[in-house]
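In what follows, chain A forms one complex with chain B and a second complex with chain C.
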Partner chain A sequence: MHIPDGLISPQTYLPALALAAPLWVVAARRLRARMGDELLPRLAVFTALAFLLSTLMLPLPGGTSGHLLGVSLLALVFGPWVAFLCYTLVLVLQAVVVGAGGITALPVNALTLGLVAAWVTWGGYRLLRGLGETLAVAAATWLGIMSAALVLALVLGLQPVIAQAADGTPLFFPFGVAVTLPALLVPHALIAAGEAALTVLVFRHARKRRWLEAMP
Partner chain B sequence: MKIFSCWLLLVLAWSCLVPASARAHALLHEIVDADTVVVKLSFAGGDAPLFEPYEVYRPGADTPFQAGRVNAQGEISFRPDQPGEWRVKVFTEDGHGTVVRLVVDEAMAAAVIQATQSQHRHWYAGRVLAGLGYLLGLFGIWALWRARRATPG
Partner chain C sequence: MKHRLALYAWLAAVVATTLVHQPAVLAAGLAAVVLASGAGRGRLLGRALRAVAPVLLLLSTGYLLLGWWTGELAWRFLLLLNLRVTLLALLTAWAVRDIDFDRALARWPAARRWLAIVRSQVTVFRRLATEYRAAVQSRSTLPPTLRQRYRAGAALGLAALDKAMYNSEALTQGMRSRGALDE
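Take a look at the complex of A and B:
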């Protein structure tokens, strides 16, 4: 679900950078305030897990493929600010080392996959935990991933309107929201279900081991 | 019979005199033996973006020189008609894609100068392992830095 370079316009990624930069500072300050000797290795392992999950391609019906994100797990275990920051690191390494995503697209990817997915998962869990932990974690994760897919579909689908040549030809991503919404939401409904199942399993393990930094 | 012959002559004269565009209903073809630029595409996992739409742009142009769909071998081919920096854009509907910039010389030979996602440089699993190594290494450096700060003296 990472947007690569060349698909979104400067009119999109420059405001996204202006929005993301102060949020990264806030997230870094919050992480520094909470950092302890036990948190650091756990954070490293969970961030590494998110990195691995986002590089493993899963074949989907229709001949396409997708991947899990791992950001919901980070949000539930460490909180949404830490998840946002760690997932930004994952996206930087994905762009620079693996060749997935991009540098100009980083603020948009970080805001959607990092911030939106993390906060929706976190907020969803807090709202739904009265229904039981397993259901709340699964539903919140599913909602978090789908929210990120929805925002990305809108960002991509608006590109033909935001940046076009004098004759109306799109200068960047050429498909409108009528195409991007189903193209992203339908496969990600399946991906989010897989991510929800995995998040429930790891979350239960983390709960047993008392690793949950974010939970009251 | 005389009238028919006259009509025949008139029609023949008309067909010779009308502008060429008015005679363009027959689509003719010829096979041209020429060199083309071939761009081979693949996703990080190895699959190719088969039949996904692409656009090829001349140097400095905003309107496409060529548009179509990636072929069944994951390739795009085109024949440049001028030297300069050409762009090949490939987009999938779910937001994947790449922009390949390649320079075409006077002999119409091409060399890639930049691609947003050059996927053919290294083995994918190797790059994933490298990324994992960098990530854990960064956290390790952070832990060392914290330990040094915490050590008195």
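Take a look at the complex of A and C:
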């Protein structure tokens, strides 16, 4: 779902960078305070898993496909701050290894996919956990992914308004919110369901293996 | 030093590209990068195009259809969009090919270490996935159904997770014993 380089205007990515940079510092400080011999390998494995999930295509009905994110899993296992930092690393790796996403789009992608998705998932889980763990994990994951898709659709859809030439033609992403909202939200309702199922599967496995016990 | 400077140059070039709105300048930049990237430039261009072609095709087709429908089509914008996205992808492909990120990040040992650990896990996961896929293919004459693919994927994922966790713990202990995580 992440945005490639060249579709986001500097009027968007520079303020996004100004917002993301202090948040990365806060997240790094929180991670440093918790870092130990048990956390480091788990973090590395789950970050690598998120990277691979985001490179694997999920077949959808009708012959299309989308990719999973893995950020909800990071948020549920390590908390939203650590998930934000780890997912930023995933986005950097995607940009420089796979050529997906990009460096100028990194702050926007990190804020939407890393921060928004992680916090909504984590907050949703805390709100819904009275309903049972499986349902809470699945619903929180679905909500997290859909929230990220919504914010991304709004950011993309605002580009023709934010950056246009003197004659009114767009300079970056050309379509408005009337196009971006359905284009992103409809397929992601299905992708988020796939992600929810996978998150439940791995979360339960992690609990069985007692990988969650060292986490707050 | 060389790699760190190249990293800065790449970042500056990427930002500068998003500040240019003249297709002719972007086309000249694209030609300059193709020429400057040296031997293997064809493969590099192919890699960049493969990365952005689906997005550009989707956006350009959508824009053409919308323009045809509304009667407002800006060819200059289409050219601008395609040139800019291709140039950015080419710059990134060039950076990935020629910059040694381990050396470029020498000033930030924590980032370098973290990158090394995650990369090693990605390699483990990829190797396991390849082995598992080959094993499944060697045992079946028919291609798996969607349901079978999901079930096999789930089994592979959990097995790979266990293996990667074991590997990562061993790696961390190894790094700890050599003092790499002392600071």
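To be clear about the criterion, the second predicted complex is superposed on the first by the 207 of 216 C-alpha atoms of A that agree within 3 Å, B and C clash if a C-alpha of one lies under 4 Å from a C-alpha of the other, contacts with A are read in each partner's own complex, and residues count from 1 in each chain.
Here is the rule we go by: contacts are C-beta pairs under 8 Å (C-beta built on N, C-alpha and C of every residue); 3 or more make two chains touch, one makes a residue touch a chain.
Everything quoted here is computed from the prediction, not taken from an experiment.
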On chain A, do chain B and chain C fit together or clash when superposed?
clash
Just checking: does A:72 make contact with chain B only, chain C only, both, or neither of them? Give me first, second, both or neither.
neither
For A:187, select first, second, both or neither according to whether it touches chain B, chain C, the two together, or no partner.
first
Is A:211 touching the first partner chain B, the second partner chain C, both, or neither of them?
second
Looking at the overlay, what does A:9 touch: chain B (first), chain C (second), both, or neither?
second
After the superposition on A, what does A:201 contact: first (chain B), second (chain C), both or neither?
second
Name the contact category of A:37: first (chain B only), second (chain C only), both, or neither.
both
Let me test your reading of the model: by the given contact rule, A:152 touches which partner, first (chain B), second (chain C), both or neither?
first
Tell me which partner A:94 touches in the superposition: chain B (first), chain C (second), both or neither.
first
When the complexes are fitted on the C-alpha atoms of A, one of 2-10, 92-100, 110-118 or 146-154 in chain C overlaps chain B. Which is it?
110-118
Both chain B and chain C touch chain A; at which residues?
4-7, 37, 40-41, 44, 47-48, 51-52, 89, 93, 97-100, 102, 165, 167, 169, 171, 173-175, 179
Write out the stretch or stretches of chain A touching chain B in their complex.
1, 3-7, 35, 37, 40-41, 43-44, 47-48, 51-52, 55, 57, 63-65, 89-90, 93-94, 97-100, 102, 152-153, 156, 165-167, 169, 171, 173-175, 179-180, 183-184, 187
Residue set of chain B touching chain A in the complex reads 43-45, 47, 50, 53, 55, 62-64, 89, 91-99, 116-119, 121, 124, 127-128, 130-132, 134-136, 138-140, 142-143, 146
Touch list for chain A against partner chain C, complex
4-10, 13, 37, 40-42, 44-45, 47-49, 51-52, 59, 89, 93, 95-100, 102-104, 165, 167, 169-175, 179, 198, 201-202, 205, 209, 211
Okay, in this complex, where on chain C does chain A touch?
11, 14-15, 17-19, 21, 47-48, 50-52, 55, 59, 62-63, 66, 74, 76-77, 80-81, 84-85, 87-89, 92-93, 95-96, 101, 114-115, 117-122, 124-126, 129, 146, 149, 154, 157-158, 161-162, 164-165, 168-169, 171-173, 176, 181
